[in-house]
Every structure is written in structure tokens, then in C-alpha cells.
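Shared between the two complexes below is subunit A, which pairs with subunit B and subunit C, respectively.
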Partner chain A sequence: MAGIADPPDVAPVEDHSSELQEFTLRIRRFNPETGEAPYWEEHTVELAPHRSVLEGLLQAKARFDGSIGVRCSCRAAICGSCGVRVNGQPGLACHTHLDKALSTAKDGVIVVEPMGNMPVIKDLIVDMDAVHWKKIQRVTPWLINKTPIPEREYVVPRESMVDVTQTMACIQCGACVSDCLSMEVHPEFIGPAALAKAYRFVGDPRDAEQFERLNDLSEDPAGIYDCTHCFKCIEACPKGVAPMSQIMRLRRRAGSDHDIVDRNNGQRHEETMTKLIRDFGLLHEAEMLPRSYGGYSWFAKFSPAAGLELLDSLPVITRALLRRKVTPMKAIFGHKIPKGDLQSIQRIFEEIESKEERVEFNLYISGTDEDNAENVKEDDA
Partner chain B sequence: MKVAYWPGCVSRGFTPELHGSVAQVAPLLDIELVELDRACCTGAGVIAEHNQELADALNARTFALAQQVEGADLMMNICSTCQGAQAECQERLDANAEYRSLVNEHLAPEGLSYEAGLTNKNFLWLLVEEIGLEKLTSLVRKPLTNLKVGPFYGCYIVRPTDRLGIDDAHPRDTYLAQVIEALGGTVIEYAGSHKCCGFPIITMNKEVSLKQAGRHLGDAVDANADCLVTPCPLCHLNLDLQQPLAERAAGRDLNMPVLHLPQLVGLALGLSPKDLGMARHVVKPTAVIDWSTSVVAGVGGASGGW
Partner chain C sequence: MPAHDVLIIGAGLAGQRAALAAADAGASVAILSKVHPVRSHSVAAAGGINAAINPADDWRSHAYDTVKGSDFIGDQDAIEVMCREAPAEILHLEHIGVTFHRNETGHLDLRAFGGASMKRTAYVADITGQAILHVLYEQLMKHHATVDRYEEWFTTSLVQDEAGNCVGCIARDIRTGEMEIFRAKNVILASGGAGQCFKPTTNGLICTGDGIAQAYRIGAPLMDMEMIQYHPTTLAENGFLITEGARGEGAHLLNSEGERFMEKYAPNKMELASRDVVSRAEQTEINEGRGVGPDKQGIYLDITVVPKKRVLEALREIVNIGKDFAGVDITAEPIIIQPGQHYIMGGVKTDVDGRTPIEGLYAAGEVACVSVHGGNRLGANSLLDTLIFGRRSGEHAAERSKGVPMPEIPQSRLQQDVDMIDAIIARPKTGRRISEIKEELGTELNRNVAVFREEQGLEHAMEIVKRLKEEAKTAYIDDRGTVFNQDVLGAIELGYMLDCADCIVTGAIERKESRGAQFRTDYPERNDEEWLKHIDLVMNGDGPKVEYSPVTITQWQPEERKY
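For the complex of A and B:
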């Protein structure tokens, strides 16, 4: 008769996960009001390995030194208050397990520092107002209503709201701002968090000023075209917002949908690269610079903007030619792929560029076939 | 081993010494290269910024061509940016059969089709995972003794970690350091090793771009590196070709040679700096390091070489 199976005849697995273990935290201390330089301080705490770095910090604060400055609230990766760097990587202290942190520690000590790119108020507390929130305010972070405002609710297509779901997952922790490599040398850059927030409204069909927003962010000399594609923000985000991907979507909308030709060469750079590949199959590097400055034409090199830029780069161009890094023939004619293959490439361009609607596949929303199959199984169960 | 070899554009354009040095090094490592000379540029993330489906179709075509190479164990590239741009497209193509078939429709007129699951490795990954560090060390004829080398990875080959398969079993973000050690060199740790060279914004914000390059080069100088090594030709453009301008942006002399990874490997395997195209660099490694008697006979003593 079918029934509950007897338990298998094996020794029960011992669960050590709740046993206390010692972890040493090396905390960066700094109080600008004292006038003393920053210094490191180590405390050894005792906690179960699955407990968080935040719990470690709070224990150190309770047991050894009440003056350790750390900001926190929910302790459940929702409020975004406890952003820090653990072993150099940005993230939420409450969302980083001690055992995981220990596995990335270089000398067996977990290093906890304040986030980067923002001034330190005290110890692990950074001034979010001075940088992060200023930048958020910069992108007009609210919906600008279309008029007339409907008497009842707005009705919007489901897909368009799904499109902005990823940006709405942001909890404003500042981890992406902390590690933005463009901001590191260029503090004026609007930055990943604020630009992801900007896409939240640019992608919202209820917003009345999408063109104005995109025009503003394209023309800003520290706007969407100053992102260097370094993926740091994607790696840093504890919520999968992928701010860099949102910046690329802003560029796609600005350059391709609204044809905004910005003063930063952003749209022209994208157009040049895309069209050079269409026309040559490979990148014709010598044409990249003049056409990005002067527009997509062989004559671009004679435009004043391109001329000035070429002049500025003369020391580099001269050395490249002298060292035979670049031959004059290659600089003039570039390199191409075989004719038949180039025709295939151009056919693919034609097929895709002539579509009325651009196809975008976002893994965050669609998931993989594997994930979806598992979800179906779980639903059936 | 036989590989479907994707050299990229820049290695055949503005950094010809890279493509050339791979041709020199490959036979010594027993790598048979079948060049994908019919494939087009990966788009370096910029085509994807313009139109995702277009980038995916162009790269799916390259993958399909690679899958047609008979007897090839995998596809190999020599450019961090190509690795990252291709990995991004491959992630979408492999994730969803419906999307893949939509993209494959564009390849059908040529009789091509991409089947999910291609293995595409940068030369760096191939060195560590396929050839193995022990084997590499056994092939060294001129160990890089006393050469202090700073690794410079390039963003596209270290982030995002999940897409690039970087985990405890595959710490690919440490491979450059491991290779330098396997070749007998000394690894120099410095702040910029995993940061951005700034190249992607050189035409949009030249000052910021060069400041990034200048800062990392300066950090390497301060850490007493003799040279840097990179698996990315685009990083090489900003770190070497643009170095005179990066010096201006950083407000200091740098004079830091930057080697392509296959060049560093080639030197240790006994090839001559000249054969590896090192005279073509803007900051000539031969002007800074005397490679003539042993691989490293001292720093700063040579007069400029040949």
C-alpha cells in the first residue's frame, strides 16, 4: 500500500549553519570634525556564518565601541540605508552574509569601508544628499502629466509598464554611484542611479515630456553620453536594476527614436560606428573620429569640429604613422570583409532597420527558457 | 587544439602588432587558428545601444560561422571588448529559443543558423582553462624574472561576473595575474587593474576619457610597474596610442609601456620583441626595458633599441 516512505537509513546531516563563529571586521573610521586622518580599526565578533555584515557591525558597536557610525534601518535589503563597501565591493551590509564576505577577504579579515564617490560624514556614513540625491533631483524624478488629465485612472498598455519595471526596483542605496568609474574622475556626471530613474519616466507612456527629457540629458555635457560602459553599476546593484542598460536605452530612444543630434557627439558616434560596420563590415578606425565630430560623410574630416580635433590629436597621429602602427593606405581605405559577406551584412541591416517596431529582448523581464520551465513546474505542483 | 579564431577589427587595424603576435605565439602553444575572416565587427556594444536585434543578428552570424569550422574545439577571441559584446548577445540568444529563431531568420538566406551553447573564450581564458598554467610554464624559455607587470583587464572581460561565468571555480578576473606569475614575472597590484581605460567615451568626452587612462597609468607608475599587459586592444589604444595626451590630462610624465597579452607570452616563449611588433607601440617597450640579453636585464638602461 502506498504510504509515507520510511526515512532513508542514513545518519542525519549535522547542520552547523547556526553555530557561532568568530569574524574579524576591519572598519574604516573617520570623523572629519576631529581633524584627524582616517584610520582602520579591527573588531572580532561572534555570529552564525549566515548572519549579515551589518549584524557584525552592530555587534561591534554594541560590544566594543558605541561610536562606530553606520546607517541602517530595515535590515532586510529593502530600505537601501546600509550601503557600504565590503572587501572593496559595494553593496548592502544587511544583504552580505559573513561567510560570503570572508570568502572574498584577502587576509581572513573582512574589510568594511564607506561607499565611494561621496563625502564621508562619519565612519561608514556617506553624504547621500551632497551627491546621490542632488543627481536624482537633477533628472526631474516625477511624472509630468499629459493634459487633459483623465477624469478617472490612466489606462496604459501592460507592456509599457513592464518595460520600466526594472528601474522601479531601485531602492536608492547608492551602491552604483559609489563605484561609477566615470564619476570617479568626473564628479559632474549625472551618474547611474539618476539616469536609471530618468528612464523610469522616459519609458512611461503617461509622461508628457519625453522628448524634452531626452534632449536635456543628451545635450548635458555630463549626461547620457558620459557613461563609459564599464558595467560597474550592473555589478554593484543589489536589486538587478542594471543602470547601464537603462542608460543605453535612453541613448537608443534619444538617438534612434527622436533623432537628437547632441553637441557631445554621442548620436554621431553611434551612427558612425553602426554605418561604418554596415559599409565596411569591419571598423574603419581612421574614419571614426572625423565622422563622430563632423557627421557621416567622407568630407567630415574637413569640417571645423573634426579639423580642430584632428589638430589636437596630431602628436598621436604622427607617432602612429611613424611607428607604422597605421599605414597611410589603411588609414585611407580601411579594411573590409569579402564582398559576398558584406552584402549579407547589409541585407541583415536592411531587414532589421526597416522594421516598424524595434525588437528588444530583456532577460530581466522575460527570464530564460530554463527559469520559465521551472516556474511552470512549480505552478503545476 | 583547433579554434575558430575571431581577431576583431582593431587587431587588424590600429593595433596590427596584436594580430601579428597571435600568429607568432599560436604555433608555440599548439593552437591551430582558423580565422573567421567572413565575420563582421561585434559592434563593441554600440550597435546594441542602437538596435539590440541588429547586434544579436550580426553576432549570431559570427557564432554560426564559428560552428561551421570543422573540428574546432571552441571559438577564440583576442579582445576583451569583443568577448563582452559577444557574451551579451549570446546570453540573450541562448536564453530563449523563440528569440533565437527570430534572429536566425536573418541568417537563413545564407544557409546559416546559430545553435545555442557555443563556447567562446578570450585568449586569456584559453591559456588558463584549456592549455593550463603548468603547461604554459613548461614552455617558457625566457622567464620574465624581475619584470614587474601590472595587469590591465578591460571592463568587458571582468563584468558582469554572472554573464561572463566568473565564479569560485573560474576566477577569470584573476587570470592575468596568474599568467604573469606562470611566465615568471612579478605581479604589480595597483588601483586601476580592473577599471575602465576610458576609451568608449574618447569622442564624447575626451578630457574625462584621457583622465581615466592617465590616472590608471599613473597608479601603475607609482606602484613601480615596469609595464602593463592587457588582453584588450581598445584599452591599448587609450593606454598606449593616446598616452602622450593622457600625460597631458594627468599633468605628469608616464612613459609606461603597455604590452598585448600575446606579446608578453611570446617574450617568455623566446620570441624577439621585434617579431612581436613591439617597435610599433607609441611608448616603445624597448626604449624603457632592455630585452636584449635576457628578457629583463634592467629597467631604464637601454637607449631606444632598434
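For the complex of A and C:
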């Protein structure tokens, strides 16, 4: 029998047993049919340390309990099915190595939970339709063609298609939605994945309604200005889509290229912040609100629009004063930084503003810092 | 009970394209898939899609390359249709939003691919399948009023009327466990391949041959099932795919002596010979002791010869795969690869409109066998196959629905499938685990039905498959619930896989020659006199019955195949 089973062309099964290591997974279980609350269950699996958390889950499922619910297919971070939280960090289970997960685990146990911001259906499976896909549908997620449609392909700049590849690389796994802080406090927020999808059309020269898209996303109170810059989505994304960067690009296109001044005061708020930093070196908090509503000058606080907002914000201002987040002196004079530092900051502004074209970071064009640090081959060439 | 003119099972590229085409033709359409459409395995297709779109190219050249790639067992009428219609399809995709990369003049850029006589592969970095799949899904969202989507519904069987016509399916809503009858004038199977019969494989866990087995079980013939593609560049440990685009961009294959060994096997095309040729060359090098890696079972793929800027913009995905799954920076050092199961050329036999011999049943994409790939599929022809024949099936089914009344299916038909599932759930814990059987099947097929095959090994595989089929009948599951009971679906999938495996092995035993992906060490020559024909397999009791059908030859006579 052995001879038959082993014709000469075949690799003997690789012996990785020496590398096998035990890992304990603490899995968040929930069965909607029992009426019981979610609970934790531990399984110890045996795998090489560079294998993924998904492989750990699949081993637990295969050996101990087939009822563990987890969506998965490709195992190679392409299909986007296995979005979960590992030790509290959102990402793909297949894209998280067991040894790395262990290094961030408390008490030596890897904690696997369903993603956040979406209702749980069973165990690690969440209802992405209820949140993620609804938001995708919100951004008119299809190309609105420039007309006339050419007989052959649209002729567009080479770089433009490489540029939108970063957002095309999104696999709709939901990891960025899972831990979006803005969405947590404001569930209507369109959110990182859908806005990255929006950039895919705004950045596409074949789309006929870039202004309309940007105007819509600026004017929506849950739109591009609803993002608070927390970077969570950039950290979460397994594909380098950097949703927050795409949101910032949408803002630059809306505010700088199309001069869209939105009713949410998002654009003026952002402009005021930038100018305050240019002029004071640090954010001058007390000037933020009046200048974003009343125009960029010291007299802004006396404009009616700013006055109304200031009145409206009195409870917040009072609380801030009571909790000593601001002092009256700082509120009047702002922060002071050494003159040399201020000049350095202003030189950055001059340098950037003197450029004829805006330089945008793109993964597919420039790679990551890590890629570039090891840029051996290109230098040789 | 939902009722539609056209019901599509599977929502990868073939299924979505069929749905859009059928809706466009005015039919009422439903698309049903066991996973959310963007999770379909088309998402993993990396390198690109072929079309003679360059004015200097000619579809006949593309067709000839495809015929030659198929080792002359592809049906030339179908290949002509596919290649002739390819440029218009690419332009259609471009118009609906696929972000194909451009050249310096802003026109579609084309890259080199295996077995092609010129550059004719349009691409989006190395995420071409993903880009097309997501754009088609954008279109499904746009056309939500005309295409009903049933996402995360698992098909348990196809339904036939008394005349034997296919009139719908039974499916289970995975989220609720609810079973439903779907009535349809036409059913298009677009549920993909059966790579999970092998371990390792580049295919996702969902590729369990569902549609192939469902069609087989209602009497549709399967064709070319012995033709299993081993992709030349997969990661040794887990079978992950490294796109052929890497070699298209200029990467080299090296053996343990640092030799570009392909010059011995394919002096003209080198690394870009067709996949069966490259995989065999690699396996020969490994078998003769010139493999690399700790157990000498690998080959070096050297991508460092491609400029880094180009790698970052055009091969970004495999930079990630190298880094994340093999711990290798492919821009700085070679990566170890080996041939690995990737694609099944065979499937449900269809004509150029996707029609199977069963009235009302169509098939398109990897589930089908038109046969445009014959003994060996060229890289970047699979996406094309899904789209061309997906569209043609959708159009033809929409047209057919005009002359057919909406079928009736008695409610009692549902009970058969409900009972089948209840019986699985009720099995006592005395049999084997599903996962064990699946593991044994995959390991066995990868051992004996791989790049090189011979009688004894194949017979051994057959014995194992027959035994596993018996064991699967009593295999037990843990999950007794209804919401997302993946366990019970796994048991049904195992049955589908075993039917596919039975046919794959039967075909491989039957074909006593070497052609395309079927290389028999005991019959090492191609034998046109006896074997220039398809093997058709039709269910007959517990196993397949072997029949033959002729290969359609239009303008290219079989000749010696050299790269």
C-alpha cells in the first residue's frame, strides 16, 4: 500500500511538528437561538507560530466544535470575509499571525471577538448589511459616466488609474467600520469604508459628477467633516487603503479644488485650524469657534453668526473652564511657543503652499515607509 | 415562493455578469449565492484578462494561442466566440468603471502572460479579479430594482419537472435556516470550481464544486473532469497564489543551481510557457533533486529583477502575500514556490450559449466546460471565460424565458431537502468528523492526481474516494442550530466534493495518454489517434458512466506543441 500511495513525484508531507506550538484562543460565543447572553469559550490549538488566527479558529472548529461561527474563504486576505477583533484590535483573522497575536495578549490568551459597530448574528459573524453595506449604498457607489461614452476606452492619465487603485484595493471587510470612533458616537456617520469608496469615484477622471458627489458629502452632517482624525481606520485596514487619508483627500478636493463651503461649517473649521496653527504655532482653542463662523480675524467674535454659536456653546465652555481644560489667560492670548519654533512651522507652510501641485501620498505609487526603507534594488538599478 | 425568469446560482464574475445581461434583456432576475457576492472566489484572480484589443493584435492569434494552450482538446468554435468577443467585453467593463491601468498615452496597458504570442492582458495592478468583481457588484447595486439579490443562501438541490427540465432550486437562508423553493424558467449555474477537493489549493474554502455536483445529480454530463490545473507559482506551505503576472513582468524561475531551467523545457517562451508546461518543468527539477528550500520541494521565483517601482504599482498584492504569509520581501529576495492545484478545466458540459443538455439549465464560468480551456487553461483566460459565457448565458436565458410559462413546483418538493438536512443534524456521534474526511480527500488527490499521474496511484485514489463516500454518509456534525449552521452546510459540501472527486479520478484513469494537465507517466505521449476526444461523465447509480464526445476543430489542426 505504501508504495502505491507514494509515487515518485510527490513531496513527503512536510514535518513541521518541531515548530508546533500551543495557543489558547478565547472566543466570544453567541447563539441567538438559546436566548442566553454571549459568553467566552477557550480552545487550545496547535500550530506553527506564523500561522494565522483564522487557522487557529478553523482548527478549533475542525477538532473540537464545528458550531463556532466565523465567515471565511480565501485565507489570504483577499476575500474580506473574516473581519474580527483580535485582542481588541480590528482586522482579518487570516491576516493576524498567532505569535503576533500572542504578543499583544493579556495573560497569554488570544481574545477573538466579533467586530464592533455592527450587530452580532452569531459568534464572530456580524450583520454587515445592516451597517457596512447600507453606508456603501449611501455614496452612489457606481460610476456616473462622462458623456459621450467613447467608442473605445476613455483616455485618462496613466497616474489617475494607479491612484484610485489604493481605494479599489478595499476588500469591504469592515475592519475600519468596526472601530470607527465617530460612528460610535454618531451612528449616521457615513464612515471610513464608504467614504474611501467615494474617493474611488471622485478620483476617477471618467466620473461626470465629481462636484455633485463632493458637495453632497460636504453638506451631509454625517459626511466627510464628521471624521475626527483618530487614525483608527488606518490602523485597522489590512490592505493599506488608509480610509482616513482618503477622507482627507475628499476634503482637499471639496474645499480647495471646488471651493465648497458647507453648511456644517466643516470647511471653514478646517481652514481656521490650519491658519491658527500657521499664525500661532499651536491651536488657539478659544479662537477656533468664532473664527470659523465669523471669518478669519480677531473681530470674528463680534459677528452675529459667531455670537449665536458662542451662546450655544456656553455650557461646553463653562465645563471646560471648570475642568481647567482652558484658563482665561490662555483663552485670551493663546499658547506661546519659542519664536524659532514658530518660524520652523511657518517655513513648513511656505514650503507646502509654494508647490504648484498638491502632492498626495499613494501606496501604489510611493509604497509605505517600510517599503522605501529597504529600497535596495532600485538604487542598484 | 420567489419566481423569476432567470435564477442565477453563484455571484462571482460569471453569475453577476449573467444577472446584469439577463436584466438588461428585460427578464426578471434573481441572483443567489452562499456568500456575499464580493466574497466569491473570482476576487482572488490577480493577473488580468486577455483580449486582442491592441490594434496590432488579432483575435485569431488569441484563439490560436488558446487552442494550443488547450493541447488541441479545446472546442475551437467556442474558443473563436470567446476570443472574438473579448475586446468588446473589455471595453464594456472599462465603460462601467473597471480601473484598468493605462500606458503612457492613457490607453489600456497590456502585460505579457503565459502562452500568449503577444502582450494582450489588461489588468488592474494584481487585483484584477477583485476590481472587476467589485465593479460588477456596483452595477448590481445600481440595478437593484431589476435584479433581486439573495445573499448568503445555500442551494441544496436543483429541481426538475416531470419532463426533466430544470425549473428552479431549493435553497436555505443561511442566516435563519429557513428553506425556500425558488421557481424559475431558467437556472444558470455560476457557482465556481472544486479546488477544495485538493489540499493544498489556491482556491478558497467555498470552492467545493457545488454546482458541478448539483448538475451531475440531475443527469447533466460533466466533461474534461480529469483536466486539473496546477499553477506554477504557489506558496509551498499553504498553497497561496503568486500571480503569473510576476513572470509576465519579467520574474525568473531558478533551481538550486541558480539556473533558469525553463530554457531546457521551453527555450522560446521560457517562464511564460503555458502553465502545464511550467508546472511539469518545476516538478521535474524538484524530482531530479534540484529543488530549493528546507526539504528541496520548492523552486525560486525571483522577482527582484523587476524594478521596485513597477513591483509596487503592479504587483502590490504579492508584495503583501510575500511579507505576510512567507516572511519574504519579494523586492529584495527570491521567494520559494511550487506547483499547486488552482483550476478545474472541466465541468458541466455546455454549448456556446451556456446551455447544458438539460432544458432550462445553463452553466457559466469555472463550473462549466464549454470547452474553451481543453487540457490546459491559459492564464488570464478564466476571467474572460466567466464574462463572455456569463453574459451569453444571461442573454440566452432571458430570450428563452419569453416562450416558457412560469413553472409550478409542489410545496412537497421542499420536504425532501428539509428531511435531508434534518437527517444530517440527527446523525449520532459515531462516524468520522467531516473535517477528517475532507483532509484525507485533499491529501490523497494532491498526492495521486497531481502534476504526474499513473495507473496505480489513480486506482488508489479511486479506492479512497469510494471509501470516503461511504464514510461521509455517517459523518457527524456538532451544530444543531438553524442560524448560520455552517457545520451542516459543510456536510452537504463534502458530498458535492466527493462527487466531483469521483469524476476527476474516473476521467484521469480513463484518459490513457498525456495531454495538457493530464500527464500519465505510464502513457507519456499525446495520442491524437485515440484520444482527441472529450470524456463525458454521466451519473449512473453511485458513480459516473463514461461517454465520449468529439472535439470541434474549425481551423487549427493538432500539431506538436512547443513553447
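By our rule, the second predicted complex is superposed on the first by the 274 of 381 C-alpha atoms of A that agree within 3 Å, B and C clash if a C-alpha of one lies under 4 Å from a C-alpha of the other, contacts with A are read in each partner's own complex, and residues count from 1 in each chain.
Everything that follows uses one rule, which is that a residue touches a chain if its C-beta (ideal position, glycine included) is under 8 Å from a C-beta of that chain, and two chains touch if they have at least 3 such contacts.
Remember, predicted model here, so these are calculated numbers, not experimental data.
By the touch criterion defined above, A:363 lies against subunit B and subunit C together after alignment on the C-alpha atoms of chain A.
Look at A:76: by the touch rule set out above, it reaches subunit C but stays clear of subunit B.
When both complexes are overlaid on chain A, the residue A:164 reaches subunit C alone and has no touch with subunit B. Of the two partner chains placed by superposition, A:308 touches none, neither subunit B nor subunit C.
Of the two partner chains, subunit B is the only one touched by A:351; subunit C is not.
When the two structures are aligned on the shared chain, A:20 is found in touch with neither subunit B nor subunit C.
In the superposed model, A:332 lies in contact with neither subunit B nor subunit C.
When the two complexes are overlaid on their common chain A, residue A:228 makes contact with subunit B while staying clear of subunit C. Residues 363, 366-367 of subunit A touch subunit B in one complex and subunit C in the other. Against subunit A, in their complex, subunit C makes its touches with residues 35-36, 38-41, 43-44, 91, 94-97, 99-109, 124-125, 127, 130-131, 134-135, 138-139, 141-142, 151, 175, 204-206, 236-238, 240-241, 283, 286-287, 295, 297, 304, 307-309, 312-313, 316-317, 319-321, 324-325, 327, 329, 331-332, 338, 433-436, 439, 443, 447-448, 450-452, 454, 456-457, 459-460, 477-487, 490, 521.
By the touch rule above, subunit A contacts subunit C in their complex via residues 1, 4-14, 31-33, 50, 61-63, 65-67, 69, 71-81, 95, 121-123, 125, 128-129, 136-137, 141-143, 145, 149, 152-158, 160-162, 164-165, 168-169, 171-172, 200, 204, 206, 239-240, 363-367, 371, 374-378, 381.
Interface residues of subunit A, counted against subunit B in their complex, comprise 103, 181-182, 184-186, 189, 221, 225-232, 234-235, 248, 251-252, 255-256, 264-266, 269-271, 273-274, 277, 281-285, 288-289, 292-293, 309, 312-313, 315-316, 319-320, 323-326, 330, 334-335, 337-338, 341, 344-345, 347-349, 351-353, 355, 358-361, 363, 366-369. By the touch rule above, subunit B contacts subunit A in their complex via residues 9-10, 12-17, 37-41, 43-54, 56-58, 61, 84, 91-92, 94-97, 99, 102, 106-107, 109-110, 155-156, 159-161, 168, 195-196, 198, 200-201, 203-206, 208-209, 211-212, 215, 241-242, 244-245, 279-282, 284.
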